[in-house]
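Heads up, the next two complexes both have chain A, just with different partners, chain B and then chain C.
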Partner chain A sequence: MAFQILLNVFLGFMWMVMTVSFEPAVFLKGYLLGLLIIYIFRNLFTSRFYLLRIVAVLKLTYIFIRELISSNIAVVKTVLKPKLDMQPGIFAYPTILEKNWEITLLANLITLTPGTLVIEVSSDNKILYVHALDINDAQESIDSIKDTFEKAILEVGR
Partner chain B sequence: MTEIVKGIVGLLIAVGVLLHLVAAIGVIRLPDVYTRNHAASKAATLGIMVILLATFLYFYLINGQFNSRILLGIAFFFLTSPVAGHLIGRAAYNSGVKLWDKSVRDDLKTSRSSKKE
Partner chain C sequence: MKTNDVILQTTTKIVLFIILIFSVFIFFTGHYTPGGGFIGGLLTSGAIVLLLLAFDLKTVKKILPFNYMYMIAAGLLFSIGTGAGAMLFNVPFLTHAYTHIDIPILGELSLHTATIFDLGVFLVVVGVTMTIIQTIGGDE
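This part shows the complex of A and B:
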């Protein structure tokens, strides 16, 4: 992916040199033309077309911000409720992610999800121990939410 | 135009301050370290991000001053505060802090005790 971006920047410079006008707008035009060229020759690269991965990163950022806001609403509700009737607990969450940065990203996402906080990652990187603020209604819905997270992270890392 | 901007900025700062207030109340009111950690690490994060965003918008749209350090600060808070929450919780658990009256706390404890045997 980094190679494709570098190639695209190089093609933008090529366009500037070919038109003999060194301005940002000309570079942008050359960059877009280079993007088209890379798209046409996308089968020759070992990794996939890099714009798809950038779209996946943007989608993940959107999920991050949305979850941050909804988790804050949940915390405000819990704190300001007159009766403290939540039931906290720690549950194990087996993850299918393997690379270290993916697990870090998943742990950060879980920490910002409504009512969950990562306490410990097991030493073989297979299980996350998550402290839930309210374990009864959370369990299943949290699992489904995390399936979307894991899917989004896999989409970025592919 | 400036009135609209001032209104939005005021609203954002009010939301941020209220979130900080709720985080402080949560730290006093909730029963144990882990639930307090929930309140502190989430509400305070979004609160400070919203206040910084409002500061950035005010200086950019009214004074015409683009202060990129504020945006960098928002990014750093976004990345570091969940890690800080995780580390506090982990340190508390490893030094043996007990949980509140709980339903399914056993997962980590059972895995630890089965490893010892």
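This part shows the complex of A and C:
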């Protein structure tokens, strides 16, 4: 991916040198044409077309902000509830992520969204132990983490 | 014995794109300076030939899953389309029009329908050259 970005920047510079005009707009034009060429020849590279990964990162950011807002509202509801009838607890979350940065990112995202908190990662990097505000819907929160964060991170790391 | 082409292949991966951006440059400068659709198309097919030299026919077909016959047809359609489009405005066949438009970041662009005609030429040249080379090169 880094190679493709570097190549694209280089093609933008080539375009500036060939047209003998060194303005940002000319660089942008060359960059876009280079992007088109790299897109057509995307199967030449071992990694996939790099724009897809940037889109995936943006999608992950969007999911994170959306989840942050909705679960903060959920915690406000819990705090304002007159009866303390929720049941805190710890559940194990089996993850299919493998790379270290992916697991770190997933753990941080789970922690930053209120209601759940990662307290431990098992030694073989397969299981995250998550503390939940309300254990009754543990299976539900496992599913929601799988659907949102894990899928989005997989999309970035692919 | 199968030789290891790693140096040739890695160099091709970079040089290929320099040739391609140069061919696009040649294609677009054709209006005011030497260049145009024909030589741009030849340069592009030259780049694909370089790819063919570094890799084999099957790999290149996987990288560029185009049917070059369709490319020729599309190019001819582009050229005839720009020619016939002029007749919709009550002017003779192949009369071209041009305009200037302002795009916020890119600045002023002068658009000419001759570029679309040139694009047709470009596609036909790439298609014909690649059809010839692939037909000769393929042994099936």
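The criterion applied here is as follows: the second predicted complex is superposed on the first by the 150 of 158 C-alpha atoms of A that agree within 3 Å, B and C clash if a C-alpha of one lies under 4 Å from a C-alpha of the other, contacts with A are read in each partner's own complex, and residues count from 1 in each chain.
The rule is short, and it goes like this: a contact is a pair of C-beta atoms (placed from the backbone, for glycine too) under 8 Å apart; a residue touches a chain by one contact, two chains touch by 3 or more.
Because the structure is predicted, anything quoted here is derived from the model rather than measured.
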Joint occupancy of chain A by chain B and chain C, clash or fit: fit
Partner chain(s) touched by A:G115 [first = chain B, second = chain C, both, neither]: first
Contacts of A:A107 with chain B and chain C, given as first, second, both or neither: first
Touching partner for A:G89 - first (chain B), second (chain C), both, neither: first
First (chain B), second (chain C), both or neither touched by A:V79: first
Touched partner set for A:L128, first chain B, second chain C, both or neither: neither
Angle at the Cα centre of chain A, taken between the Cα centres of chain B and chain C once the superposition is applied, in steps of 10 degrees: 150
Chain A: partner with more touched residues, chain B or chain C: B
Partner chain in contact with A:A152 - chain B first, chain C second, else both or neither: neither
Touched partner set for A:I63, first chain B, second chain C, both or neither: neither
Per-pair minimum CA distance [chain C against chain B, superposed on A] in Å: 20
Touching both chain C and chain B, counted on chain A across the two superposed complexes: none
Residue numbers on chain A that touch chain C, as the complex places them: 7, 11, 14-15, 18-19, 23, 25, 28-30, 33-34, 37-38, 40-41, 43-45
For the chain B and chain A complex, residues of the former touching the latter: 19, 22-23, 25-26, 29-32, 34-35, 37-39, 41-43, 45-46, 78-79, 82-83, 85-86, 89-90, 93, 99-100, 102-109, 111
Complex contacts: residues of chain C adjacent to chain A: 13-14, 16-18, 20-22, 24-25, 29, 51, 62-65, 105-107
Residue ranges of chain A touching chain B (in the complex, touch as defined): 64, 68-69, 71-72, 75-76, 78-80, 84, 86-92, 107-108, 111-112, 115, 117-120, 122, 127, 129, 131, 133, 135-136
